[in-house]
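In what follows, chain A forms one complex with chain B and a second complex with chain C.
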Partner chain A sequence: MRKPAIITSLLLLLAGSALAQTFTTAQDIMDAVSATPEPVTLQATLDMTITSANGQSLSRTLRMWSEGDDRRVIKFIAPADIAGSGFLSLERPDGSSENMIYLPALDRVRRIAGGQQGDSFFGSDFSYSDMTGIDPDEYSHSLLETRDGPTYIIEAVPLPDSESPWERLLLEVPHDTLIPARVDYYLNGTAVRTLTTSDVSKVDGYLLARERRMDNLLSGSHTLIRQSEMTLDEDIPAEVFSERFLRR
Partner chain B sequence: MKQLAHLVLNRSWAVIILFALITVLLGFSASRTGTDNTTHALYPDHSVVAALQDEIAATFGQRDMLLVVTEGEIFTPAGLSALHDLTLALSRLEGATNVTSVATARRMEDDDGFLVTGDLLDAEALAQGLDQEQADEIRRYLSTSPLYENVTLVSSDGRHATLIVELEDGIDASEFARSVDDTVRQLWDGPYALAGQAFTSMELQSIIKRDLPALGATAIVLILIFLALNFRSVQGTLLPFVQIITGVVWGMGLFQLLGHKLMALTVIGPIAVMAVGSSFALHLLGRYYFELARGANKQQAIRLMLMETGLGVMISGFAIAAAMSTFLLSDLAMVRGLGLISALGVLSALLASMLFLPALLNVLPVPRRVADTESPGLISGFLVWLGRTVVRRRRAILSVSTLLIVVAVIGVFRIVPNTSIIAFFPESGATRTSIGKVEQVMGGSAPITVEVEGDILDPVVLQALERFQQQASALDVVGPGQSIANVLRALHLTLTGENSLPPTRQGVAQELLLYQSSGEISELQRFVTLDYSKALVRFTAKAMPTERAAQLQQELIGLARDAFGELAIVQIAGQPLLEYEIEQAMRRDFLVSLTLAILLVIIIDSFVRSFRAAAVTVLVLLVTIALQYGILGWAGLPLNLATMLMGALAIGVGDYAIHLTVRYMEERRHGLEPEAAVQRALFTSGRQILFTALTLGAGFSALVFADFVPVKTLGSLMLLTVALVGVSTLTLLPAASLWLLRNPHSRANRSPEVSTHA
Partner chain C sequence: MRLHYLLPLLLGIGFSLTWAQTEFGFSGRIDSEFGVAWSGDLPVARAGLELSVSGQSGSGFFPDATFGATLLAGYDAASGEASLEPGSIHATLHLGDFDLSIGRQIVFWGSTDGINPVDVLNPRNLSFPPDARKIPVPLLRATWYAHDSFQLEAVLLPVFTPSVLPGEAWRPALKRGMLPPGSSISEQREPIQLLPEAEARNIQFGLRATTRFDGADVSLTYFHGFRSQPTLQPTLVPLAPGEFALQPRLHYSRIDLLGIDFSAAVSELILRGEFGWNMTSDADGADPLVENNYLQAVLGGEYAFSAGSNLIVQGILDWHAPDAGKTADSSFRLMTGLNHQLSTRTRLELAWLQDFDGSGTVMARVNHVFADGVTGHAGAWLFYGADGTQYGNWRDNSQVRIGMSYEF
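Up next is the complex of A and B:
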């Protein structure tokens, strides 16, 4: 199984208990971030609001079931026109993923090609790859600065064989949570997106960021995802991650 | 006037140095005058259509577009690769926000259960080298997919490809168009054509840059020739030249200091200033040389020149400036600019005539040979004959004039306005040829956008929208349209095999959700808002006369009413509608400025003489204006931004008729009978009036060489105007004076200077 993605996971950004000492190398920080415990399963309600550059907004409510980063089901609850539509993402043993969408109006399940992971997640400023997280093993890290707090400023540069579409990432990791509070995504020397996390608190012993916002710096749009009604570490039946459940 | 003469004669060098200094400073300012060549600058200030366009631009990200059509064998590996490279190069240009071409077209297909959306021209295939089979497959997809049903990315014969380049807001559109032009020329090995607002802006800028120096130089040369013919001396030729240059430099320098920029129409301003300024000098110098010939010394001649003729010049100057400044009330920035530069220039030329010219005359030696303008000669003989004829045939002159006015008024009702921007360019010129080529391939070049506000997810609304789109596209001047209906039809066909729109609201919402999960969200936002409360239908229309644009607006409103009924609120914007708005603003300006100019001239002229004298003088102008527009109507020439200015310009150039009235009243005051006074006035003032008309005509004839079509037409018509004013002043005005102004001083408001002279 792939090492759990931890940097920009949609659902959980967990951190261990407060650490007694500060870190001096990027590797130590990233190791500590990777070592933070994660729930095995998560069920949550997501309120997603997409706001365009001219202020138009669109809200959708989704219910999500996930098991690690390998299996995830999302069902749209609101608005009514799309209620019942669903999305299933399964990771295959070879590391590739299978994504399916169910539309009740057509009563059909459609597959989405795996090569489109960089595409927008249902019109939002998050991409499919943002939903599954970024693997830290695909990047080399260097500590640029340690600010008051302390907060670590880390640069992540994709390794040569990485599939990351970005030129580099700039992460702000507060020492007390080890949850990246801000990630800037760079292309051609320019920051093109910014992810910010907020409302960090403990839920069932896990430190979580309930709110995530992705700003598209090119288009001026942004998407806010707020999670609630969370259930952690409760067994999710295997049939949930199936086409049949998607259709239900 | 006495004090003015005193000042000029006693402080000549101070006046000259001051004028020279100010001229240098304002010349520096004038050299920094920028140009505003954007088509936006043509729109009225409070344009409803422009406001709607701005709202649509903010809501749907609609931007100005530059359209490119390339010619060659498109559906070949080489053709498609070249288009791909060109698209990439254009998208990298500074200021380009989006490029649509066959190289950016998307493919939406059902591939064994997968909904596949991707680039039609696959980058991987391009890197490996396309083969003819792949090129044919692209051709097949484009010709069958509903997604591209209404978009001509490649013409049906495969010979023309289109590229739509969208521009960032606020950039210099001309510069951008130039960079696009350069890029296409470098990368496309074959003919190409451009169209769109940025292209029009670029062409307008080229015209301004070409026209102003070329027309200015031509006007100067022609004016100098007529000045030389009149005065037959170097001094008599060059002094008016110095004075009109001063007027132009001051006018342009102040114009720049006030934060204004030159526009295509503003070019008329400096030419008008030159023509009017030369007429001031003609009258003043004519009097100066006349007094010298009669034995006066230099200072006496200057004093009499200022006190007698100067008064008429000053009244005339103020009246002309007032007439020009009525354009400042316009809703159109271009017309306001013309009014401002002309008024400033005329006032500057007047100031130079009253101060700089006499100061120069005072420090310069008296010419050895001074021509007596009243000495026997061909012109004097003609004026004597004219005086007798006018007195004898006064009734015939008045009857013929009345008849001409009736015919002219009938012609006025035949005038067809046209403010279409394409009509600014020569019919067979490169600009119109290029736009014509683009329209031939794309079905249009002028954007029309229709905003539909309602429940867009409702299939009934969508069907109405599609029906409206089809019916509007069937209109003769409207090209293909694109909307969310095209996307949904293509999507539904791909997902279900049915070539129709989704039948239910849920179907519409969920198919769009699916598209969002696999397509480009920005493609949807071009056609529909995030909350599905507004949709946009985009058309391209052919360039058309504004009369047709007005009809089109009504036709589209009618179609929208039929298609949507109470289902949605529909608003229409676009280039042709903006041009129609320009026409409406122009009509308003035309009536307001003309009426106001006439009133101002009457008031200013009567301020020193008498209301009755002023009214009779203005009669000449009214007849001229009636004939101008009558001829416009009978000749089938359009009323446009330039020709609508003709009336007010006629008042500007024609107010020299006041000189004849002044002289007639002077002669009456000296005790001559009306008939004798008319003959005397014609004999003494006729020569200057004749040469003023010729010099003004020479100045305005430069406009005939303009590339900007309305200015070129105006040039021809102004030649006619000057001739009409000249003939009317020398025939109708004396005839009318004999009828209506036999006793001009019965209620006269005498000026002390004239009384002193008498």
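Up next is the complex of A and C:
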């Protein structure tokens, strides 16, 4: 049932080694991206910096545990005013996701509606759907252009029954990494956000981007997430992906 | 003789190993709040300090035990009251599928927003009723995580703790219809609280079972104990011919609560419901000091709009069984809440509670994050309605409040 979240998954933007031949269709490119190896589990510390349009910054430190794109727990470690808050995402058998947040001040776990997938993730420029990853099976893809590099420009349009909050996405996928280097998110015909990835390197045999930046084109703010202290392919007990662990 | 030395040595080594695996963390909060009421009074001019220590013993995803303790200090220049009191102080043992917690704690039970008929374990501080915060109480809590989709909780509260009574401006007017003709009240005395005795038969307990399906959860609750808010009974004490003192008596009724609550994701809507049926010891309404049987039901939903807004609408029904020879007392309120993330730093909250008696309240609040750990808020509460209505009696308590806090 596991479906790789290759477009905007917060934590894993993995790709295999550079391929010899270029691709001529969007489906071939997406198949190649999907075929790249992924670690079974990932644990990482995330340093998040939220910068408003006037240049003022807020810092957040989070710890994340994930098992593919099916199950993910994220907990805030610092600063004190948000520490203990958490997010749990579980994939249902039908492929949709079940998301909950924990607010320690209220000792309460709240379920998040599908319509809230596009809402800000704890005040950042990333959304809840960015944290759960987007299933490529929910989109139809078209190859718009092949630039020097080569770099593929792909349009992704949500299928009618998709949970995606976006009207369409434009992806720039370099041939040598097959990690989307830039994603533009459109609503009502206008680009409203831009995701860029950087610091791509190999960790334990997997190629991944350590840094992701989301620019909110409407407000002028942006959020940078940098991964560190990564542990790949180490068993995570099933009980970690539970409300019990979220509260702890 | 060897054992005489060996045992303390082994205990010492064991304690040292346990201590070595114990991690501590310290945190705190400094806050201040200032308010002005429509009447011109200052309802709050407060500064507070909160110091906490927390930690765990053992390592890995599931340590052997976790613990936490909080000390609260504050001074309110508006009332002249200074306070120094413990907050939550508790330890939790993690024993396989069981969690066992002991100490002063706050526990949340329920699914709906703002008004929770089954959330009865903790009393509340009603000195500012629109924001009635929970008070931690001593309790023993055992949780059994039987399965991913099923958990059972049992809670024991050995000592009854009443809610902090509303301030003078928020108290209901006493009915004086019983005053004999030609007589008057020359003195109003402080209420007498008739608290349940600390004895075995007054130990409170609750059970709660929760099961989860895909996209939904349902909980059943049973609680045997007391209402933390009292029933008010004014009595007349004769002082002289035609002259009385008004002596309110506050009684905490024994209740057996049966409750059910749920939340479910239905497309882009979250449905939430909560129902609590309270059985008291005065089913026929014969004793004015004891609360009659009553039902509270909340049903509503939450819808998320694009661009960070979500809307909550809930209907709230309160029904009280009648006193002997009278009709039942019921009321219906509609609660509407709107939350909007204005920017990465600023969040707006609006809430409107409309009672079908024509009265209601509107709350608007802005929270802003100035820097890491530094937040500010500004809020306004407006009460409206005719005299004698639920919120109309609070018209003069309409107020604005501003505050800052720093957490470290």
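Couple of notes before you dig in:
The working rule: the second predicted complex is superposed on the first by the 238 of 248 C-alpha atoms of A that agree within 3 Å, B and C clash if a C-alpha of one lies under 4 Å from a C-alpha of the other, contacts with A are read in each partner's own complex, and residues count from 1 in each chain.
We adopt the following convention: a contact is a pair of C-beta atoms (placed from the backbone, for glycine too) under 8 Å apart; a residue touches a chain by one contact, two chains touch by 3 or more.
On a predicted model such as this, the values are computed, not experimentally measured, just so you know.
Placing chain B and chain C on a common chain A by superposition gives a clash between them.
Legend: residue contacts after superposition of the two complexes on their common chain; A:L62 is shown touching neither chain B nor chain C. Once chain A of one complex is fitted onto chain A of the other, the partner contacts of A:R248 are limited to chain C, with no touch recorded for chain B.
In the superposition on chain A, A:P165 makes contact with chain C only, while chain B stays out of contact range.
A count of residues in chain A touched by chain B and by chain C gives the higher number to C. By the touch criterion stated above, A:P93 is placed in contact with chain C alone, chain B being left untouched. When the shared chain is aligned, no partner comes close enough to touch A:L207: not chain B, not chain C. Contact with neither chain B nor chain C is seen for A:A26 once the two complexes are overlaid on the shared chain. Legend: residue contacts after superposition of the two complexes on their common chain; A:D107 is shown touching chain C, with no touch to chain B. Once the two complexes are overlaid on the shared chain, A:M48 sits clear of chain B and of chain C alike.
In the overlay built on the shared chain, the residue A:D119 is in contact with chain B and with chain C.
When the two complexes are superposed via chain A, 525-533 is the only one of 201-209, 525-533, 597-605 or 741-749 in chain B with C-alpha atoms clashing against chain C.
Of the residues of chain A, those at positions 50, 52, 56, 58, 79, 81, 106, 108, 111-113, 116, 119-120, 123, 219 touch chain B in one of the two structures and chain C in the other. Residue ranges of chain C in contact with chain A, taken from their complex: 27-29, 61-62, 66, 99, 106-108, 143, 145, 148, 151, 214-215, 217, 263, 265, 267-270, 302-306, 308, 310, 341, 343-345, 347, 369, 371-375, 405, 407-408. In the complex of the two chains, the chain B residues touching chain A come out as 58-59, 113-117, 457, 495-496, 502, 504-511, 513-514, 516-522, 524-525, 529-531.
On the chain A side of its complex with chain C, the touching residues are 50, 52, 56, 58-59, 79-81, 83, 92-94, 96, 98, 106-108, 111-116, 118-120, 123-125, 165, 187, 216, 219, 221, 223, 236-240, 242, 244-245, 248.
Residues 50, 52, 54, 56-58, 76, 79, 81-82, 85, 87, 101, 103-106, 108, 110-113, 116, 119-123, 219 of chain A touch chain B in their complex.
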